[in-house]
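Next come the structures, one after another.
There are two complexes below, and they share subunit A, which is joined by subunit B in the first and by subunit C in the second.
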Partner chain A sequence: MTIFLRAGGQLRAMLKPDIDHYTRKVEIDGEKTIGEILKDISLDPAYVALIYVDGVMKDLSFRPSDGQTITLQPPVSGG
Partner chain B sequence: MANGSTSSRGLAGTTLRIDLTTGEIKRSPTDEKLMREWFGGRGAIAKILYDEVPRDADPLGPENLFIICPGVMSGCFIPAGSKVEFGSVSPLTNGHGDSNMGGHLGPALKFAGYDMVILSGISPRPVYLFIDDDRVELRDASQYWGMGSLECEPVMKQDLGEDFEIATIGPAGENGVRFSCITHDFGRQAGRTGQGAVMGSKKLKAIAIRGSRGIVVHDLEKLTEHVTAIMKRTQTHPNMAPWQKYGTAFFIEWSNTNAVIPTRNFQTTYYENIEGISGEALVEKCLISHKACFGCWMNCGKYTKAVLPGKQTVYLEGPEYETGALCGSNLGMTDINQVAYLNWLMDNAGMDTMSGGGVVAFAMECFQRGLITADDLEGHTLNWGSVEDAEHFIDMVVHRRGTGDYFAGGTKRAAEKIGRGSEKFAMQVKGQEMSGYDGRYAPGMLLSYMTCDIGAHHNRSWTITVDMAEGRDTIEGRAKVVIYLQHIRSLFDIWCICRLFWGELDVEPEEIVEALKYITGWDVDTAEALVTSEKIWNLVRCHYLERNRANGRTFDYPPARSWEEKIPTGPSAGKGLTKDQIEAMLDEYYAGRGWDKNGNPSRAVLHDLNLDFAADNIEKIGLLGKPLSNGIPAVRGERYKPKAF
Partner chain C sequence: MSLSTSEIERYQRQLTVDGWNQERLKSARALVVGVGGLGGVSATYLAAAGVGYLRICDSDRVELSNLNRQILFTTEDIGKPKAALVAQRLSAQNPEIKIEPLSDKLTETNASELASGCDLIIDGLDNHADRLKLNKASFDLNIPFLYGAINEWLGQLSFFHPPETACLACLLPEELQDPKPTPVFGPLPGAIGSLQATLALRYLMTGEHPVSNTLLVFRADTTVFETVRFERRPGCGVCGKTVPSGH
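On to the complex of A and B.
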């Protein structure tokens, strides 16, 4: 299964995008949660403030499906 | 906008000086040398306040100035060039005070032809400032005096025309509540440092502006090409869509998970009822529509309604993150509608929701500990999570009834009256209440509050992810990061453009400086911009020392809770800083700035920044920093590259 992770701001460098400036393609064996996927790619979930999929906020337990794009947003640098 | 061959590129050309005592209005050409050297906005305001307000002037008296300055980029084709800066000596901190807001007022002022308005004196009767291009008048405001901010704006628009941009104060500002704000566009506030109280002291109820002119820029073609590229790029930025949907409120839950959210007056950093006040709850329960400031395609503002049983349904902008934290978890509220209602209440009263949330929380803890009782509260209780109790208490503060008068001066003054150890949990620095992050397990954040030039405020430096990346148990190296952030983030208040495009959408400072060059024609680079920001920071420090007459270090401490109490609950239970660590952070910070151990700027650093006049002034009162044995640091503040990134 292939998913696409997107991130900007402070998270961008941690994500190490490979498709374009913001996007990384990730191959997954079987069904996994976002939390597990982030662990697999060594991205500390503590830096992720919001997981955004198809216009809706999700949490680390969300299990993406094949081809889905998941946006990871860092915390606001002061609200 | 048009290409300019005049010298006034980016500037409107005229400065207004208005004596409210006599009603005299003077026009003069804008001082371009001042604008170039200090970059307008917060910079120009800092210099004028330093030069013109007597050091013993009462912040709420006639000698204080109230300055409105939108800066050189506001109103131009630049991401969110919407801001306007207000400045005066702060009645909350007794030092230089400034605060800004988005919306449309700043651009309108420039479109009317003015770069700055400097008001002095006190009007004999309530007035509002009316500006319609060349027509500038002080008009009677007796019919508006006493109205809430959110109620007054639509009435004034009805009276004057929808195309007027209006800024108002509420009863809090009229009554001299020291953390009063200025409100515009039904929910944009210049909240911090009590600028609304200064307006109120001058009997200035409102500002109404309609401007029909353009702004001449240096190179319109290059500016258009440059900013269009930024627009296209940021529209597809990953952060854009979540921002547009949730605004800043989305990260309330993150602050809770990472144990920095202030809870029940900063007693702990983890809130058990966070779901009820989260960004998701805001969108689900309260959101009506999204809202943007002038020249912004991010529309992070959330126009909402609050529906509570037994209360009138109210309409407002917010709550954004700070209000969500400081009027939510910090007051023990469990429902986003409660937070939104309190947000509306404070907005309409014209008080800063950040300091307001801090003051109510402090009073609630005083009640919890028996330091104030129902006898002090007109027979009411003041319990955590009670909107009714908070509403009654806010009314006492706004109208300064009974003990409400103590709290109208902010938590520091209230603690001085209440005593009995309450100063330990009056969560402020220099008189201004802390923002919505607890710094006990985020040492850089605490240092940011301690050293912020206008009193505790996150706007000038926010370091929580830095603290996480460097290790929250360590303090080393944090001062250099704080200094850098204080310089770079302040630039946005100097330029009067929104910081979020830089912080959240990866627009680089160099790109903004390039736009500044196309707007003004100035030969400027990012390094010069950062030095100018540092220069302003040091001038504001000298101003504070000259007004408050003691070593700077004595003013830079947080309340004792910050080191005496470990965090009691949540993921960071048992964590906290020691007094020694706080002292060490200050030592590192002063050394990084070229100040001595007393926190006073040295002559060498002031000379390096062309501030010899300020060095002379603080030397006369015995507060010039001692010479530094190793000289001043060549770089004061280092661009941050954390290990984890």
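On to the complex of A and C.
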């Protein structure tokens, strides 16, 4: 199935977006957690502060379904 | 608490805003910690609106690299303490209110002391570790915490007042990969600071807090707002513990 990972801030460059400035299309075999998907694409989850899908906060154990967009938020801590 | 003739004239354009309660604002007490990009803006609107008592705390001095976004300061202010400068400028803007500037460095020990006696804690900080200190003080004292933060093109805010809502430690881990210095699009702290002022004034007048258990995310590069729902975490190291008396 296909999922879409989206990131801003310093995570954007780490994600290596391919379908637009913020989004990377990822093909996965069967069900996987976000943690497993990040490992597959060599993105260190330590740089991911928040994960959300369809307006609801999730964590690394979330298993996305086909076509979902998962937003990866970097630490946002300036002021 | 009644209004003087000069206050009625000063606040004339807001007194007729639907739901406005100037007397409640006049008797309200707010703490703004950090008066740089975020706090400089939120404190300015709180002062202009007539929040009766503002305690502003910042241990920093103005630096040249602040000036792309910290619009209360000028080039001549470089090297001067931010808290005193902001107090001076906001007092000139609205002499009807009381402003207490503090240059103390925020610590785990003094966070509760700084917040004591206030109705609301407003986040103008520039790092996660200090926000967690304020979050803990907020829980210990049962004072709501209005969180705001920025990074590059991203801004986010929420309202914490456990046990009614989640707290910052429910939302974010203790350790964050927190690169310094944070890149910042100059108008972004203005936008987030204005939203914090909006939520603060609404809360102080009405007790309403529409962004509880919700993270409001603003993506300034695409001018998109998103709301993200989250829940209180039962195992939270702050609000998952025994609720202090007074709650």
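Methods note: the second predicted complex is superposed on the first by the 76 of 79 C-alpha atoms of A that agree within 3 Å, B and C clash if a C-alpha of one lies under 4 Å from a C-alpha of the other, contacts with A are read in each partner's own complex, and residues count from 1 in each chain.
Operating definition for what follows: contacts are C-beta pairs under 8 Å (C-beta built on N, C-alpha and C of every residue); 3 or more make two chains touch, one makes a residue touch a chain.
Keep in mind it's a predicted model, so treat the numbers as computed, not measured.
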Quick one: is A:R24 in contact with subunit B, with subunit C, with both, or with neither? Answer first, second, both or neither. neither
I want to verify the contact counts: of subunit B and subunit C, which reaches more residues of subunit A? B
Regarding the shared-chain residue A:Y52, is it in contact with subunit B (first), subunit C (second), both, or neither? both
With both complexes superposed on chain A, which partner does A:A7 reach: first (subunit B), second (subunit C), both or neither? first
Can A:Q73 be said to touch subunit B (first), subunit C (second), both, or neither? both
Which parts of subunit A are in contact with subunit B and also with subunit C? 8-10, 46-47, 49-50, 52, 55, 57, 71, 73-79
In the complex formed with subunit B, which residues of subunit A make contact? 6-10, 12-14, 22, 44, 46-47, 49-50, 52, 55, 57, 71-79
Under the stated contact criterion, what part of subunit A meets subunit C in this complex? 8-10, 46-47, 49-50, 52, 55-57, 71, 73-79
Any idea which subunit B residues touch subunit A in the complex? 237-239, 241-243, 245-246, 248-251, 254-255, 257-258, 279-280, 320-322, 324-325, 435-436, 458-459, 462, 464-465, 468, 489, 499-500, 503-506, 644-645
Inside the complex, what are the residues of subunit C that reach subunit A? 34, 36-39, 123-128, 131, 148-156, 171-173, 176-179, 182, 184, 189, 215, 217, 219, 221, 226-231
